[in-house]
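Here chain A shows up in two complexes: once beside chain B, once beside chain C.
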Partner chain A sequence: MTETLQTPAATEDRSAEVSVRDLTVVYRTDRGELPAVSRAGIELRAGEITGLVGESGSGKSTLALSLLNAVPAPGRIASGSVEVAGVGDVTKLEGKRLRRVRGGALGYVFQASQNSLNPLKTVGKQLLDLGRSHEVEDLQGLVRRARELAERMGLDADRVLDSYQHELSGGMRQRVGIVLALVLNARVLILDEPTTALDMISQAAVLDIVRAVHRENNLATLIVTHDMGVVSEVADRLAVMYGGRIVEHGPALEVLQRPSHPYTRALIGATARIVGDTTRARALPGRPPDLTTLATTGCVFRDRCPLASAVCEEEDPALVEWTPGRYRACHADPTGDRP
Partner chain B sequence: MIEARNITRTYRTHGAFTGPRTVHALRGVDFTLPKGGAVSFIGESGCGKTTLGKILTGLETFDGGELVVDGTELSGLSPRRRAPYFRRIQMVHQDPYSALNPTRTVGQILGDPLRMRAKETGASRREQEDRAAELLELVGLQPDGVLGKYPHQLSGGQRQRVVIARALTVDPEVLIADEAVSMIDVSMRLGILSLLRDLRERLGISLLFITHDVATARYVGEGGELHVIYRGQVIERGPTDRVIQAPVHPYTQCLLSAIPVLRGIEEPGPDRLVPLASLDERTDTPGCLFAPRCPFATDACTAERPALVRLGDGAGGADDPGGADGAAGAGDAGDHRHACLHPEARHVVAVEAAV
Partner chain C sequence: MKGFLRRLSVRLAAGLVMTAVVATFTFFLIHALPGNPGDAAYEQFVMQGMAPEQARAKVAVIYGFTSHESLFQQYTSYMGQLLRGNLGVSISYSGVPVSHVIASAAPWTILPVLTGLLVSFLVGVTAGVVAAVRRSSRWGGLLSLSGSLMAGVPSFVLALLLAFLFHTLWGLLPFGDTSDVTLTPGLNAAYIGSVATHAVLPVATYALLSYGGWLLSMKSSVVSALGDDFILAAELRGITPATRMRYIGRNAVLPLFTVLALSFGFMFGGSVIIEHIFDYPGLGSLLLQSIGSRDYPLMGGAFLLITVAIVLANILAETLYSVIDPRVRR
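Let's turn to the complex of A and B:
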């Protein structure tokens, strides 16, 4: 159980650990079922960190939760599949088998993991609960592995295991979340807004740790965030979500350098930066759509898009590979010219 | 104008198991906030920056130092006499989702403080309504569309604009913005920041901007000052861009090094620095508060706590503002102060990548 921790990153093992295909998640509302995620496709490969960026209401957290088939009611996965290597289609699982996958093959660090720990139990007790619910026989081995992970993240393991969540700082709680996600040897690590409530120095430390455990365990990692800076620090691949759709997807560095979707371009342009001309930065006009204001026909971004034209009103652009390895869903020219 | 002199705040707690404990939330903070000016406080969580904001809005008391508003020292006044001064200082809360009452419409949210204010100014009902609409327009909202709405019908950015409009109902001269954009969607953050900048320029409102996200402090406008606060002590201060480009205190350097680099567009700064350990507030030291985490600490640092001095002034050195700093291309040092025995300018923030 402990070997995986020491194993150096396997060389170029880029098989897909998770492949999401054509996934649509709908929420039941007064106005009928509205899509929070529409026909999304994404692959998480071992040894790769994928960053999923979007604003609130873009469907990024819903997409991440559907990897566990854990979309809360009144939402449900309407169509599509989530294939996890060695497990099968998670959307078809239920009951005990589904519970075993959650936390087992798929480690999930929840948004504000500060609040996802039980305030009435020490971290160690919660670790044992986790082990029992996953029918781990060797609970001592589990504690040993948790200790190693915790030490690896620069925590005083014994102190942490004996602590209640309020005795730990935000950065420490986030690390505990990662320990609990990985202690059952998950192959896939999903982090939802891992650094949102942290200050800069803790954020940098947590990102360092994510990078290190990712590399050492050859994980397939997904980081869901609204912060371009976080993604650019750690991600190998970058997917941008807007209005429930993945609108751009490709190698992180290339997307940051040459964004091809007007939304990606605007999002980078709207990021407060530590260098450069502050007057050049621009907020996007309008507001991000939510379920009820989402356009039902045409491109979901057209209302805020500087390049919108007649075709955007009628046709929802599909995500296509416009140049090898890079995907975008836009009618306009990738360089930013009008169609 | 607000002037704070040597503001201290100490909390004494007595836990059942931990025993007596003293927490120095603020250890003598000085600053001057001129009319229309901007002062930003940055630091880690727990450094005392929020306490400072609360003290300035009268939500928290201070136990040492002086707070002077328009020439009047407040600590000598009775709470009743103090109240009119705190009216001039209003707070923009961090979380627009919890700062607004969900059961009241925007019109009601603005109506209450306007009515209170009207008791002083004698504004009529009609004038109050006009003022509500005027304020909403000022913060970039359509009064007709928004007045009848409840907070949940608005986006985060719109809610924050309502929070700002509410703060403006009592005609403040100073806004305290404590992490005012950290809960706002990225695409709308700059909109809120430019609104704050606008209020400074158009209404002459002063801004105290409290944040952990240093980059946002650059967007509140010209002439801003940046104060870096660590465990309740200001350890470096100066013109915002100056401190960002040529920080001399190792803590500032660590803090600025931690800002994510937008790879592809930016490259990491040449002298990036990481603190040696994580923050431990429990240990008290007679020396520099940052010494236990500082990569450059010497024996002198653990013996004596350095005071905030002007850059270029050695111990007992001549008054030589910004002369001997050696930071290339940073221009005029302005009033750049630091509390470090071994100040050295390092370039730690990202540089724009050549395209």
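Let's turn to the complex of A and C:
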């Protein structure tokens, strides 16, 4: 079904909608300001789905929120820029202009398990609140657009617009979240853990829908997840985060088939399989760092790394293009031994 | 709408049963009190210096009879009369129907309690929102502190303090009774003004007593709503701060409506002390006086009115809740 939805535009326009450069986000703690995201760089291009994977606490949600300059206190963007096409550097915006970018240019969809709707208002009324907040003059047109999107995602538009949050299932809420993110014609879609807390059937349905709206609207889409399965199913590009750094970045298929960073290898190695040799899943020894245990010098992964050497104690590896289109931050030989 | 009416009638029926149960309990509790109206009057006469024989004779003249019915017979006839809306005849206000006695005192409690409660609810809830939103600033801290202080002051201390300051010390407000006794009751400015100024102290006491509770519960309710996912989601969708504040306010104030109904009942209880201190002739004073003279029918009537008020307030709260909270409605 999704094959017929592909439009020619999907492969043509590959301009960068969002360019994150050298982004550092710090959180104020008792021990001073500690970095949750360190010098991260990423580009979201129209027509591309980027998967951002990592363990809990790796900084992936913080990075996703920085795209909207919405890092919750006590965090703040310490340096770097987030250039959004047609808007400029989001980190420099504030007040009404920043508010209008959120939802207007950038659509953010919450985790499915979270309650992202006001429980006391119908979806339709909240849609109107959204329109008024963004000073949409043609509210009827807005409702029409929302209906189209909802129907397109397999929702009964009349019923959904007239429903309260508690009358919708998890999968339906997730789709309503996508409708609200895209109804103002945002060019960028950011999904935070879109499949977490959904059953397998709803997961597949939501991913199908994400893929379809992505193609139809030629969006630049970012999916933040800890689920390698989700990434392998929908992502064109893949970025792996560890300890606030992007440690590997490249075309999704290549990264999954030939992971280069030892952490990516461990992450793929730890993925449980349903068919084949189920005992092959290997847990990565040790624990992911949090803000207080994060190494301040050298590579943040070295304590758990099978390839760690002396240089890893001294120097934080930079993210470099080691072969065309593939980036990684590691001192070890990229073609080196496989686990 | 049909379901709404059905639920409302179920609630009303349940309220009726509840009232009957409470009426039964109060009937037996009242009669289990040591002493009886005859003894109470007798003791009063003796204390006034009457000879015991004379006092006994006078009591016999006043009451005319002594009930020889068993307690159970008295109970069935009481409930039977109650069903017909007859609360009996007061003993201490000899011959006046209890319903009349209560009806003349009720407005002087209901109006001040209601006004005090509404004022404190509005002020406390608003202050609670400010205290929550500005909780890290000095003003927010001071507001919260004022809430904690007011919530901790006992009613009699507050009432005495207000009476002392505004009446005795500064002489700003009148004290005692519901209006200046020299004025004729009616729709004239002088009388209404007098009623209003006389009501200020009791109303202010009711309001200040519950202000702290509203402030503190609204503050914690708003703080938890501020962290709700849907508020962050609304922010990330670019919803205006004013609209987000409305989302927060409406969600945070919901749980307070139930408390509002309950405190209406508690205020009636509290009116006993406050009306006594301000010498204000409402239901609280009436109840105290009827207990002192063992006026069984009047006591029963007053207790029953308080019960009915609480039951009705709860039904109102539940009905209101089902109108404003869609999760309860459907």
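In this text, the second predicted complex is superposed on the first by the 321 of 339 C-alpha atoms of A that agree within 3 Å, B and C clash if a C-alpha of one lies under 4 Å from a C-alpha of the other, contacts with A are read in each partner's own complex, and residues count from 1 in each chain.
Rule of thumb we're sticking to: a contact is a pair of C-beta atoms (placed from the backbone, for glycine too) under 8 Å apart; a residue touches a chain by one contact, two chains touch by 3 or more.
Fair warning: this is a prediction, and the values are worked out from it, not measured in the lab.
**Student:** After lining up the shared chain so the two structures overlap, which partner does A:I201 touch, if you call chain B first and chain C second: first, second, both or neither?
**Tutor:** In the superposition, A:I201 contacts chain B only.
**Student:** Is A:L120 in contact with chain B, with chain C, with both, or with neither (first, second, both, neither)?
**Tutor:** After superposing on A, A:L120 lies in contact with chain C but is clear of chain B.
**Student:** Quick one: is A:S232 in contact with chain B, with chain C, with both, or with neither? Answer first, second, both or neither.
**Tutor:** After superposing on A, A:S232 lies in contact with chain B but is clear of chain C.
**Student:** Report the partner of chain A that touches more of its residues: chain B or chain C.
**Tutor:** When the residues of chain A touched by each partner are counted, B comes out ahead.
**Student:** Return the residues of chain A at which the contacts from chain B and from chain C coincide.
**Tutor:** none
**Student:** For the complex, which residues does chain C have touching chain A?
**Tutor:** The touching residues are 228-230, 232-240, 243, 247, 250-251, 254, 324-327, 330.
**Student:** Contact residues on chain A for chain C in the complex?
**Tutor:** That would be residues 65, 68, 70, 72, 99-104, 108, 110, 114-122, 129-130, 132-134, 164-167, 177, 180-181 of chain A.
**Student:** Which part of chain B faces chain A closely enough to touch in the complex?
**Tutor:** So the residues of chain B touching chain A come out as 43-45, 155-158, 185-191, 193-194, 212-216, 218-219, 244, 254-266, 274-275, 278-279, 349-352.
**Student:** Quick check on the complex: what are the chain A residues that touch chain B?
**Tutor:** Touch list, chain A to chain B: 55-56, 154, 169-171, 198-205, 207, 226-230, 232-233, 252-257, 266-268, 270-276, 278, 281-284, 287-288.
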